[in-house]
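Submitted below is the structure of interest, expressed as structure tokens.
Should a chain be cited, it is by its letter among A, B and C, assigned in written order, with residues numbered from 1 in that chain.
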Amino acid sequence: MEYIVKRIGVALFSIVGILVITFILMKSVPGDPVYGMIGQHAGPEVIEQYRKKLGVDENYLTQFFQYVGLVAKGDLGKSYYTQYPVSRSIMEKLPNTLKLASAAMAFAVLLGVCIGIIAAYFKNSAIDRAITLFSSVGISIPIFWFGLILIFIFAYTFKILPPSGMGHGQLIYIILPAVTLGSRSLAFIARVTRSSMIEVLHENYITSARAKGISEIRVVLRHGLRNAIIPVITLIGIDFASYLNGSVLTETIFGWDGLGRFAMSAIFKRDYPVILGTVLFGAVIFVSMNFIIDILYKVCNPKIKLK
Amino acid sequence: MSLFITSQIVPAIKNNKVALISFWCMVGFIVVAIFAPFIVPYDPNAINLDCVKLAPSMKHWCGTDMLGRDILSRIILGSRISLLVGFSATVISLTIGFSLGLIGGFYGGKIDRIIIGLTDITLAFPGLLLAIGITAVFNGGIFTICMALSLVGWASFARIVRGEVISMKEKEYVEAGYAVGCSHLRVIITHVIPNIVSVVIVVAMMKMGTFILSEASLSFLGLGVPPPTPSWGAMINDGIEYMRNCPWMTVFPGLALLVAVLSFNLIGDMLRDFFDPKQSSNRKLQVAGNE
Amino acid sequence: MTPKCKKILLTCVCFLFLTGCGARRTDYGTIKLAIPENPTTLDPALIVDVLGGGISAKIFNGLVRADKDLHVVGDIASSWDISSDGKRYTFTLRDDVFFHNGRRLTPLDVKYSFERVLNPETGSARKWIFNNIVGVDAFTKGEKDSVTGIKVVNKNTLQIELSDSFGPFLWLLTMPNAYIVPKEEVHRLGEEFSRRPIGTGPFMLKEWKQDYEIVLEAHTRYFDNKPKMKGIEYRIIPDEFSSLAEFENGNLDIVSIPRAEYKTILNDQSKKENIFSCAGLNTYYLGFNCSRHPFNNKIVRQAVNYAIDREKIARNLLDDRVNCARSVLPPQLDGGEYPQCGYPYDPQKARDLLREAGISGELTITLYQNRTKEAAHITEVVQHYLKAVGINAVIIEREWSSFKETVINGEPDMFLLSWWADYPDAENFFFPNFHSLNHGAGGNKTRFDDARIDALIREAQKTIDAEKRKELYVQLNKEIFEEAPWVFLWHKGEYVLTQPWVKGYTLYPIYNSDKGTDIWIDVKKISAKKSYIK
């Protein structure tokens, strides 16, 4: 389909654009990452040797094309610090971020949709107004602060949940980070579900279903939800893709060993291959997800014209 | 148009309790930020090693931090950074995004394709990560942060504006304008822009809230303004270590942040409901605010 | 969703929650520790950090090592002899040392390991340890394929010939970079050796999941005190509050006390027996750029020393976790025998001195710091004190590698830094930091240059007689304090908390003296209580 080809083209251009921007960025950095690796006592010859090893003496254009060639082969270079292949680190940390993102998404969707339905059903009542206010709070709250408050309440004061870390993979460690990460999505999903449901509940087929004598719950859930859910799916797609970018803040606070924190520490240490690798990876995911969502949207709803 | 706004919006705000409170919070925030140096009870940067880590009391309403500085004073001064960055980034993004969206939507064709391509690429970029990258490279500072945020932020404006312009091109009054002999520019100024303003204002409000949060996130990660200028995000970061024993260091700056952003978002909500009660473009706007 | 679906979902969630809750530890055969980050390498030739050094101490051995009283004792070498001119060291090696792969160690392995560090291809940053050995230049330039100064005399004797006598030479051999590695494994693994080290130590590397944990297991053929535990597990937990929480849950045995919790924990009587502290072999300082205005003037430097109230900072900001510096050396090295030198807090004197130096009006200087929270707090307080005497300090922060580069290039007027000893000898504090040969990357970041002090340092290096050396260092200390190339701040201590069931633990002042063989867990003392610290 011509449309699909066009979208792939746009996606590819996006990725190249991102690569160029990140590369330019990284090369404008002051300071030399070499010193962070060789301790207090090193003499000048060792420093020079490390510089050669890291390839920072070539001209920029050559470096960039070399990079693109490597990426095409799946090689994202090695961390300047550990000499550990970046792609291997990404693959090792990706499952953790995926776990967190999925948990956050599940939390946001389940709770968000339920709340949205309730708000829509009891439109303009006290419950609805309270929910709307809470969703506004959810969007406005700084998630790093929210995470800290949760830690304070549940880990320090009541001591029922661990404050951070991944433990040995037990489920209890994922609760607070997932709630924190998902809070913003929860608020958005609740809102969108609510407005979508409100629209749908006024449609004719709902009235006729009610007239037929179908139970209220079935009307709302079966008939209403199915149609109202479509815009929510777009939201889920966009949100999930942004979670996959590591949710730098949440992972940093909770000491969660995922891509976000990995990119974060790399940026502080000026570990170029890691920075470029993770950003590229995140952007590819984001672009792909958007692409898939666009296609899905068209498939689910052919009357929507996608410009 | 302005008469229309004041005669309709003001009563709308007055009638809605939530909107009223948010409005006054927003005004309060702006006033505090502007007059900050005159309202502070103590010098926000005055270090006093003799009163470190004091709990909130009558003398220090929000307590003191680990260097003995009064937290309330720092919160008041910190509002300046939040407002400054939020406002500047919004204005810059709006200007860029509005212009590009207008040009692209209006002229169509190749220009439009380039602009939409640029918009897509920018939207595809992990926004916070890019801002982190830029501020890390150029070592923070207000100007850098505003630039970094605007670099990605303009895209939402562009997309919304372009969408509106395109749908507006087909409207009758535009065709009527041409029929009467107006030039392109006149059509734009007299017909297109006034109808887009409402949408843009709503997005601007949302973006303001988002930018304030982004600035706080960047300062939280240590990429914001250098010390000793207080910034809410940096204050929260400072307080993390001491959270178990001195929670006031993190709680109060966060509350300030929450209230400021919330007031902008609620006003934005109210304006959106006001301008477009049909809710059909709401989802687009809601999504735009999310980016 | 039908009511039935809802019930099923609820049950599933509860079940998951409960299984997650039962995170109780069952394995008390390994000691569990937390480390704040993933070590970059465990290859002795390449180690430059404290973390890597500490772990490698469990996996490798050197010719000699340090004991907890800061004496050099034999490790692989059972005894040694030093010639009267101090240039020839003859080591007798034990014959019961085995590598983890089963092979017996010979003096050839020692020669190989040292030459490997010197070999430019290895890329070690610690070549300087062996620089003093005869024949090193020829080897590194490639003219000869072995170092003539390292001689294998017979199957258990090794001789090292120095070109100049060097008092602390044995201390250099206790460093992790002088650990012995097996040639065949290095060749077989190549670069992987960094991540799969094989040595002779009391523990072998069982598994290393990057950024997650490092698991060591006991080496049954170890020649010295055999480990009492089955193994050691290092969990990588960057956030210190996470590690504290894990400790409280009983999942960690030993934890480093976070600075914010220091007072609370120290004041808790029930924990007194389980708190270990140790003054570190370090000195924290504010360095001046002595090569240009205004700090090329000794009086200005002294003025700044008077302007800063270190004691108050140590007490109120740092909760007394540090000892204010009375000399260049940390307390263990000066043994309390060096006469106290120091500048008391006297802002009026500071202002007087500044006037005397001809500084009228406000002086603006740049103060650089590394990007950590503690550094930020300290520099802000310093800025505050300097302002009170009329100096306007502009704080510039940089991340670590950028910071090091700017300091080495001489950009800052003042900077906050620390010096951690490579080995516990006064020489390691004086030579790298104050000798003019070491400007910049060599260690003398203040670009301090004084011919008289240079001569004193050199003389002390050559002296073998301990008493005479001490005299020279006492004099050096006094002169350097007088010249004030630094604001001598304090020495940082280390504070550790153990579980009540951990026995035999010692906190060593030198990170790599701890072989981990004395620790054991008294199973009877394990409490079933989940929360240990209220």
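Please note the rule applied: contacts are C-beta pairs under 8 Å (C-beta built on N, C-alpha and C of every residue); 3 or more make two chains touch, one makes a residue touch a chain.
Computed from a predicted model, the values in this text were never measured in an experiment.
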item	value
Pair joined by the larger number of C-beta contacts - B-C, A-C	A-C
Chain whose mean Cα position lies farthest from chain B	C
Core chain by centroid distance, with centroids computed from Cα atoms only	A
Length of the line joining the C-alpha centres of chain A and chain B, rounded to whole Å	21
Chain B-chain C separation of Cα centroids, rounded to whole Å	46
Averaged-CA centre spacing for the pair chain C and chain A, given as whole angstrom	39
Chain A: positions in contact with at least two other chains	30, 268
Two or more partner chains touched - positions in chain C	241, 371, 398-399
Chain B: positions in contact with at least two other chains	136, 139, 244
Interface residues, chain C side, partner chain B - complex	241, 258-261, 264, 309, 312-313, 316-317, 371, 373, 376-377, 380-381, 383-384, 395-399
Contacting residues of chain C [partner chain A, same complex]	1, 16-17, 19-21, 23, 38, 40-41, 48-49, 120, 123-128, 191, 194-195, 210-212, 236-239, 241-243, 245-246, 249, 251, 371, 398-406, 408, 419-420, 422, 432, 440-443, 531
Of all residues in chain B, those that touch chain A in their complex	18, 116-117, 120-121, 123-126, 128-130, 132-134, 136-139, 166, 209, 213, 216-217, 220-221, 233, 236, 240, 243-244, 247, 250-251, 254, 257-258, 261-262, 264-266, 269, 279-280, 282-283, 286-287, 289-291
Of all residues in chain A, those that touch chain B in their complex	10-11, 13-15, 17-18, 21-22, 25-26, 28-30, 129, 133, 136-137, 139-142, 144-145, 148-149, 151-152, 156, 188, 191-192, 195-196, 198-199, 231, 234-235, 238-239, 242, 245-246, 248-249, 252-253, 263-264, 267-268, 275, 279, 282-283, 286-287, 290, 307
Residue ranges of chain B in contact with chain C within the complex	47, 49-50, 52, 66-68, 136, 139, 222, 226-228, 237-238, 241-242, 244-245
